[in-house]
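In the part that follows, the structures are each spelled out as structure tokens.
What follows is chain A paired twice: with chain B in the first complex and chain C in the second.
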Partner chain A sequence: MADMKIGAYICKGCGLGERLDCDELATIAKRDGKAQVVQQHDFLCSEDGVSMIRNDIDNEGVNRVVIAACSRRAKTDAFNFDGEVCVARANLREGVIWIRPDEDEFQETTQEMAADYVRMGCAEVKYQTPPHPAEERGCHEAILVVGGGVSGMTAALEAAKAGYPVHIVEKEAQLGGAVGQMWKDIPMHSPYTDPVEPVTRRLIEEVEANERITVHLSSRLTKTSGAPGRFSADISAESGSTTTENFGAIVMASGATPYDASKLPELGYGKSPDVVDRVEMEKLAIEADGGPIKRPSDGKEVKKVTFIQCAGQRSEKEGHLPYCSGDCCLTSIKQAMYFKDRNPDIETEVLFTDLRTPGAPGEDFYRSGQDKEVTFRKGVVSEVVAGSNGPVVKFKDLILDEDVEEEADLVVLATGMVPNSGVDIELAAGPNVEGEEEEAQTDSEGNAIEIPVESVLNLTYRQGKDLPHLKYGFNDSHFICFPYETRRTGIYASGPVRRPMDTPQAIEDATGAALKAIQALENAKLGRAAHPRSGDLSYPSFRKEGCTQCKRCTVECPFGAIDEDEERYPKFNEARCRRCGTCMGACPVRVISFENYSVDTVGQQIKNCDIPDEFDEKPRFLVLACENDAYPALDMAAMQGNSYSQWARVIPVRCLGSVNTIWITDALNSGYDGVVLMGCKKGDDYQCHFVKGSEMAHYRMSKIDDTLEQLNLEKERVETYEVAITDIERAPKLINDMAETIDKIGMSPFKF
Partner chain B sequence: MSEVIATNQTILVVGGGISGMTAALEAAECGKQVLLVEKNPTVGGRVSQLYKYFPKLCHPKCGLEINLRRMKANRNLRLMTLTEVTAVEGEAGNYSVTLKTSPRYVNDNCTACGACADAVEAEFDDEHNYGLMKRKGAWLPFNQAYPFRYVLDPRIIGTPDADKAKAACKYDAIDLDMQEEETTITVGAIVWATGWRPYDAGKIQPYGYDRFDNVITSVELERMMDPHGPTGGKILRPSDGKEAKDVAFIQCAGSRDKNHLKHCSRICCMASLKQATYLPEQYGEDYKGTIYYIDIRAIDRLDDFYQNIQKDPNIKFVKSKVASITEDKETGNPVLHGVDTEGYHRYSNPHDLVVLAIGMEPSVPADGFPMEVVINEEGFVELDEKNGAFFAAGCSSDALDVNRAVQSGTASALRAIQVVNRVAGAEG
Partner chain C sequence: MSDYNQQMIEKYRGNFLKEVEANVEEGDWVKMCMQCGVCSGSCPLGPHWEHPPQEIFMMIRANKREDILSSSSMWMCTSCYNCIARCPRGLPITHIMHGLATYAKRLGLAPKEQPTAKFAQLFWDNLTKTGRVNELKLGLSLYFMNGFGEGIKTALKMKDVGLGMLKTKRMTPMEMLGGHKCKDVKGLQAMLKKAEELEEARIGKRG
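For the complex of A and B:
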């Protein structure tokens, strides 16, 4: 590594030259920032300006570049220097001149702001090194697909078509999954009018014929370890044999189990053999195979069938599913057609509250059902009882507003699906934010928690055997724009295990999951981060000598990236890491850092800001802002012409989770008058893209009061907020609130 | 125009909304060469015009920021804005594609300082706000626009405004001589993600969108919620600027209707339920919402959102396809007429404001698709082998919500990768 040489480049464009004394900024870069090369330019992002910088990099040995110009979000193309160069952006435009009024009385404080950002940029870059990919990189190309249903087979075939080898592990003795048990399925191509052959028959043929795909039947994963690019999985067959294979990535397509209809005695299930669930209805159709469908009790041909939608679903009753299973409306229409297509005189009635057949295919199929004279009645079923000739359905017809009792030959309960998502690891571990060794397997009242479910993945991760569950036991993902944003890098849930869905959706979902698996292993080969810091080559390293084995990093990592080694030190799995820095924020002894983002790169910015002495009456406070939401909100506030306090100094952070409390205490100790933290929404509907980062920061800051007390400082001096990217008016106001607070309670006694 | 390098191993993605951006980024992050073309001056698409997403009520701009960061960081992905596909010839693995790029009249020098906008006087309807407000003839489409560069409206070219804009720019960024350009490139696969447009509400004559000020569409309500939008973030009646506290939502406005769009547009039920939450956000407890519906399609995991709204005593659900709307001349209130089918009760209900949960129409190019593709009756592109390596993503393939559009974009990216990998001989 060559010697460090800092080049500071000060732009005079966009009004910077008029509003600021750029010569003074240049002097500051040289004198305080220790930049060896300092240049000013009228239009730094122009071809001429950029080639000036590039020339210094190529010929003058500059390898640390400070761009004192616009926000790091602007002109990214121009200021993108590959190779052994670190770049810091001192935000003088959006961060200074655009958010400060252009009036003489403010000129001095505006200049001070700019000067500080130049100092901070130089300090940041001084403590950065260019990131290099981790040395331990896996390069296994095979993809492991767990589950051999429609989702699993689709993921396998689509990955194989892109050239990747695949292993499918299926717990049953044959491929096909839930759709394999169907007589027919809903249509997948126009016209969407009639039931079609289930796609599983074709998929099974294709899988068996594909030489890139290996199938393990009657098998389960008994141990999965490693990281993207270097997963190792023990595949154990029922026969007792176990093989170990290496993989680059994993698609978890373990599907769903039909809801247990025996929990619905009020709907006659178990009381009358002629009340069946949707799976049994398929069996009756398979037995009939196009001939007359006969009812189970006496083999009489069914002349009247009633479908009860949402059976045991969309209900808060204990034992029922709170959610809608998404495909039951289409399934009942399809099953009604089993009768109608053979004999239009058979009465088929669907009792529903909301008929859910979205999109073009869905609505076409519903319309086809209506054309085939399937009857749809909006009604709420109260009970199904045995009648003299068959089950009697009691319901309230909501349209006619009357109570109805109707006998049918056969009643089909449109029951839902329950995801096969494995162990609920959060329930298994219990709430544990503090990092103490967990008292596993007990809930808050100290009762043993029953974990009846078998693990699907059997991960050796310290944080648990399976993917974390979302609501109702479905796996990933929590995000609207990023449905594959998994919390276990390189492992992608797909199909009904992560959301109730029908066959066409499962095919689309599995194809997407296959892409993400391919992407994960390709990234792992190059040592690059996965979403949302895609392409980032930095990764956390830690100084073993300083580590006290407190385990906070291993507990707090939102992605389960950190295990423990034999000596109980943290063991980082770079390819699992998403580079949020939550571990760095968690570490009480500050031994964790990234090459280009560390306790120092931020700490030195804090330290290098000029703190006027107490007689100057110029407060200073620090704003640590999430780079994805709060920081852009402040940028956009500047664009809209808002303003905020001249005493604020803003530093973008990767995630509020990466904020180490040392930054706060150091800042307060060195004379800052306050600290504002701005992170994303936490809680159930969290918006933090590193899942727990914001929550962790709030938690840590809730403990900062003790520190403030020790320092004899008012606790109002530290505020933590949830800020959204749309808080264009609010974010500046929060900053101004801190200025007001300081005005009220006075400046910090820690000025020098 | 910078040189356009594309080969038969390049994936062309058409449309820079959430589906196209996703397809492009996912493919590029697999190491593939991608060219993304967008007909507007910025990427972002429809979602950039939304206030919040259901069911999390988070902000689309947050995801957009991440996608823009991914885009800025990826060298495999190139973007051409103001560009449309005019012709496609050839076959899977080797398409010759003709692109037409309209002039922006602003080059890479632009620093987005905004001096040109200050100088220009002419104003036009702001597309980003569905024409509910005006924008300058030199403008930045919205505050997260990418490329982060201004645009000159072609209508000011040749007027003194154009010269004023040019004179105001210190960076030589305005080039009034820019011309439309045609480029022909070779690509291996095409992901078509041109999205959707709101159904023309004026065509639903009984609802009087074109006659009554206080009948608006759901997409317009989203713009009202933007603090920098036409009403400064408030739900105001267009007729008199008063706060609308009694709001009716009409579901299936243009959807599930043989006279308009046959299909169910999928998103509208959840969108209205979401918009129902905007009322307490604005007014605390002093509001009334009424949702006129056929079926509430809060499908799968989303049903709990519906269940929560049902618990709100201020929100009423009426199972009814509204027959017609008239206007109370005195108050400006729209009056909804129809039959509540649960019990068959006739109603004539006045409200402060009516929001039409407007249907989603696929954005099929005016002159049809540039190559022969299999589409269904509703105008969505089917996944069909006859389409070769032309893959529809997002709302070009069906009426989809954002989550499913992104899944679809991701899946389409893999389908395209399969083709270019085959071309590269990477399979073996």
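For the complex of A and C:
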């Protein structure tokens, strides 16, 4: 760029002036960094310091700013010149003086570290351009809610109250979902003692009365295309008619289907009409409507009812659900109260192995059940058989250690819920995604359960029709850091489709998902990233001439942001993109880049670090650290007075997934002695901000050995780790481990 | 006695929990036990019980009436209150143990040779005779509880303690002759008799 003008600003505050030779750093910025303007300041983040920089920007034409001071995570408000200029932060405080001991013998190497970070900062800005918002802007405000149960209706009402038009698409002929089928529900407010009217009755009234909400009953989505801010959906009714509507964002609240109890013949289901599942129990209660509950076989009033907990759940058996559905214990307690509240003399027994009553009402409601003399017995049921007067339950009492047979008038199986999460696109795609090959297989092993194969969303995305699943068929929705955020931007999972939950939790979920949907469509209007880099203007672009159509980017993008155009080139959808850079790391010909983050912005930092020759006996190794977790962990390590090797040069990356292997090979080729990569936890309990980024990076690095072999280098020279933000002691240790390794195996032969 | 037992069996046919709730001190807490086992784990005597508290509560709910009432378990309780201090559900376990023991005795089901039960009876008899506990007599009756031979043996074993107590005037042999008593022994006994009548009327026991 012709009119590029670099200004380097060196801070002497926070002890930097005492520990470092700032005049020398200024010279380096000028000589090596080619900064046209170089200034030092005693207290750079002060009003005076900042206005000095601003003045240079406004009057001297400085448009690339290098702040040689504290970590990029500190003083973000003071050094915020966003949009106008590019800013690089040379981390001299947390990255140099705080992480190195203040002793004379280390003075020289500490100064070298600082000098390198100044060079690197200057190199970085040189290859950045200020980001501009995506041209394609979202224009639709309406929110599509898939599913008209508690979660869907709540999301719709919340969004409508915030002023957004909403369409609810419900596959059944009426609203209400699973809770709508109940006689009563678990109480949501204190005192948590008695079953209450299901909230669905009120919700349905409110939805029907709300002018902003349009309801499509007996309807499904037959096609969903587009991106946040400009989704288009075909809503097809059972009658055959189809309407097409435009939306800004989507809330997927498709709920769960009751587990099919006919898979439990050992528990007497299907053999005796007096063995029912939880849904049928609700039907019996609705029929009785407060009167005596009668059993199905002969209409006799039930005098003794036995509930069997965890029926076909929390079990590794073929066809059973491996997980806990979360609300069945409370549901059985509630259903036992249906009997007790009418007639305390009716015997109600709950056979459990672990009674689990999560959520606010849980413990109190359990106590209330005990108070009403529902009998809770810890026992494992082996079988339910037909007896002369009703089903006979055979179980082992685990407290009294004895086998028991008991006849009941009615047996209720506390069966689980199976999420309506659509097709498992990763299973459907098969081992297409190289890095996920193993993952997908183990998944299918763990998944003896039958997953509904009908698509819910029917997305036209290249990556598949529905939201990706995580485990047991539940939709993946970053439950550790960002609940509701699925791996399809602008589409938010809410309610039991993302994890087992009860009514109050589904309501809370819906509120959160509605908010996320609003955030996504508002950001799309401005051409900015939705989250987690909310407001980020940069987005990936690719150089078509260089692209070999290998499709790695479309496969590796964790968020399904990249489609394919008519000529089979990747087609980036900026509004779907989360700006993780995984595509950039994946591209073998390196044609993908962001305006302010690219193969060059990092590659040039690597190149501009000074590599002393062999005889200096000063190794150098590169640390590529995820800016979300590993880098802050290193900053915090510095704050707490830890230290790591003076030979390390740390570069923050957006996500480990954005690490292109060229950086590693270039570094090794140019004389670095080793490379340490630090990303977040991967796998089913991932902590990666970008879900699959760290996993992709680990996968790519597992192949780096070949490269090392070609270069005739030891494979210990490249290490990849999962580092959490709390690894304040461990992260520096991992760096020191590399220093030790180099000490042991010797320096790289590639020094000049 | 067994009449009374029969009467109770008929009254609560098959619902021992109800029977406990109506007749045992703090019995209405039993249903609130959540079977965590903390009490059994906390009880210093737990390992020596046939049925530790948690199990007793489960047995009550499983209608194991005879097994519980004839058990020696609740007689083992030393009232240390460990369990009460720890029960997450706040059950007054110690009181329930004593309540169950009392009820078993009232029904005539308490184990005959249970030492705690026996001693409790000795203590009661001793106390109600004069309105004051006669320690010398109580001690001796305790020694001889299991027969003459054993009584002599125990007495000999304890003789140094006894002599020491005599020397320091903690005990006087004169107590053997009637011993000290409260002012109005007759009045006290009349009072106790009345109390017993009232109690029997309350529980509907017809001797």
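Heads up, the rule we're going with is that the second predicted complex is superposed on the first by the 720 of 752 C-alpha atoms of A that agree within 3 Å, B and C clash if a C-alpha of one lies under 4 Å from a C-alpha of the other, contacts with A are read in each partner's own complex, and residues count from 1 in each chain.
Rule of thumb we're sticking to: a contact is a pair of C-beta atoms (placed from the backbone, for glycine too) under 8 Å apart; a residue touches a chain by one contact, two chains touch by 3 or more.
From a predicted model like this one, the values you see are computed outputs, not experimental measurements.
Peer 1: Once the two structures are overlaid on chain A, check if chain B and chain C clash or fit side by side.
Peer 2: Aligned through their shared chain, the two binders clash on chain A.
Peer 1: Is A:Ile399 touching anything from chain B or chain C once the two structures are fitted on A? First, second, both or neither.
Peer 2: In the superposition, A:Ile399 touches chain B and chain C alike.
Peer 1: Check the residue A:Glu373 against both partner chains and state whether it touches chain B (first), chain C (second), both, or neither.
Peer 2: A:Glu373: touches chain C, not chain B.
Peer 1: Once chain A of both complexes is superposed, is A:Pro500 in touch with chain B (first), chain C (second), both, or neither?
Peer 2: First partner only.
Peer 1: Where does A:Leu355 make contact in the superposed view: on chain B (first), on chain C (second), on both, or on neither?
Peer 2: Both: A:Leu355 reaches chain B and chain C.
Peer 1: Considering only touches as defined above, state whether A:Trp663 meets chain B (first), chain C (second), both or neither.
Peer 2: In the superposition, A:Trp663 contacts neither chain B nor chain C.
Peer 1: As a test of reading the superposition: which chain, chain B or chain C, is in touch with more residues of chain A?
Peer 2: Counting residues of chain A touched by each partner, the higher count goes to B.
Peer 1: For A:Ala74 in the superposed arrangement: first (chain B), second (chain C), both or neither?
Peer 2: first
Peer 1: Which one hits chain C, of these parts of chain B: 332-340, 368-376 or 386-394?
Peer 2: Once both complexes are placed on chain A, chain B clashes with chain C in 332-340.
Peer 1: Common interface residues of chain A with chain B and chain C?
Peer 2: On chain A, the overlap between the chain B and chain C contacts is residues 355, 367, 378, 399.
Peer 1: Taking the touch rule as given, give the residues of chain A at its contact with chain C in the complex, in rising order.
Peer 2: Against chain C, chain A makes touches at 355, 366-367, 370-371, 373, 375-378, 397, 399-400, 404.
Peer 1: Considering only the defined contacts, which chain A positions touch chain B in the complex?
Peer 2: Residues 13-15, 43, 45-46, 70, 73-77, 158, 161-163, 189-192, 314, 316, 322-326, 354-364, 367, 378, 398-399, 401, 471-472, 474, 478-484, 499-501, 505, 508-509, 511-512, 514-516, 518-519, 522-523, 531-532, 534-535, 628-629, 632, 636, 639-640, 680-681, 685, 687, 689, 724-726, 728-729 of chain A touch chain B in their complex.
Peer 1: Considering the complex alone, what residue numbers of chain B touch chain A?
Peer 2: Contacts found on chain B: 18, 25-26, 29-31, 47, 51, 53, 56-67, 69-70, 72-74, 109, 111-114, 143-144, 148, 170-171, 227-228, 256, 262-264, 266, 295-304, 307, 319, 341-344, 374, 376-378, 380, 382-384, 398-400, 402-404, 406-411, 413-415, 417-418, 421, 426-428.
Peer 1: Would you pull the chain C residues touching chain A in the complex into a rising list?
Peer 2: Residues in contact with chain A: 17, 31-32, 34-35, 54-55, 58-59, 61-62, 64, 89.
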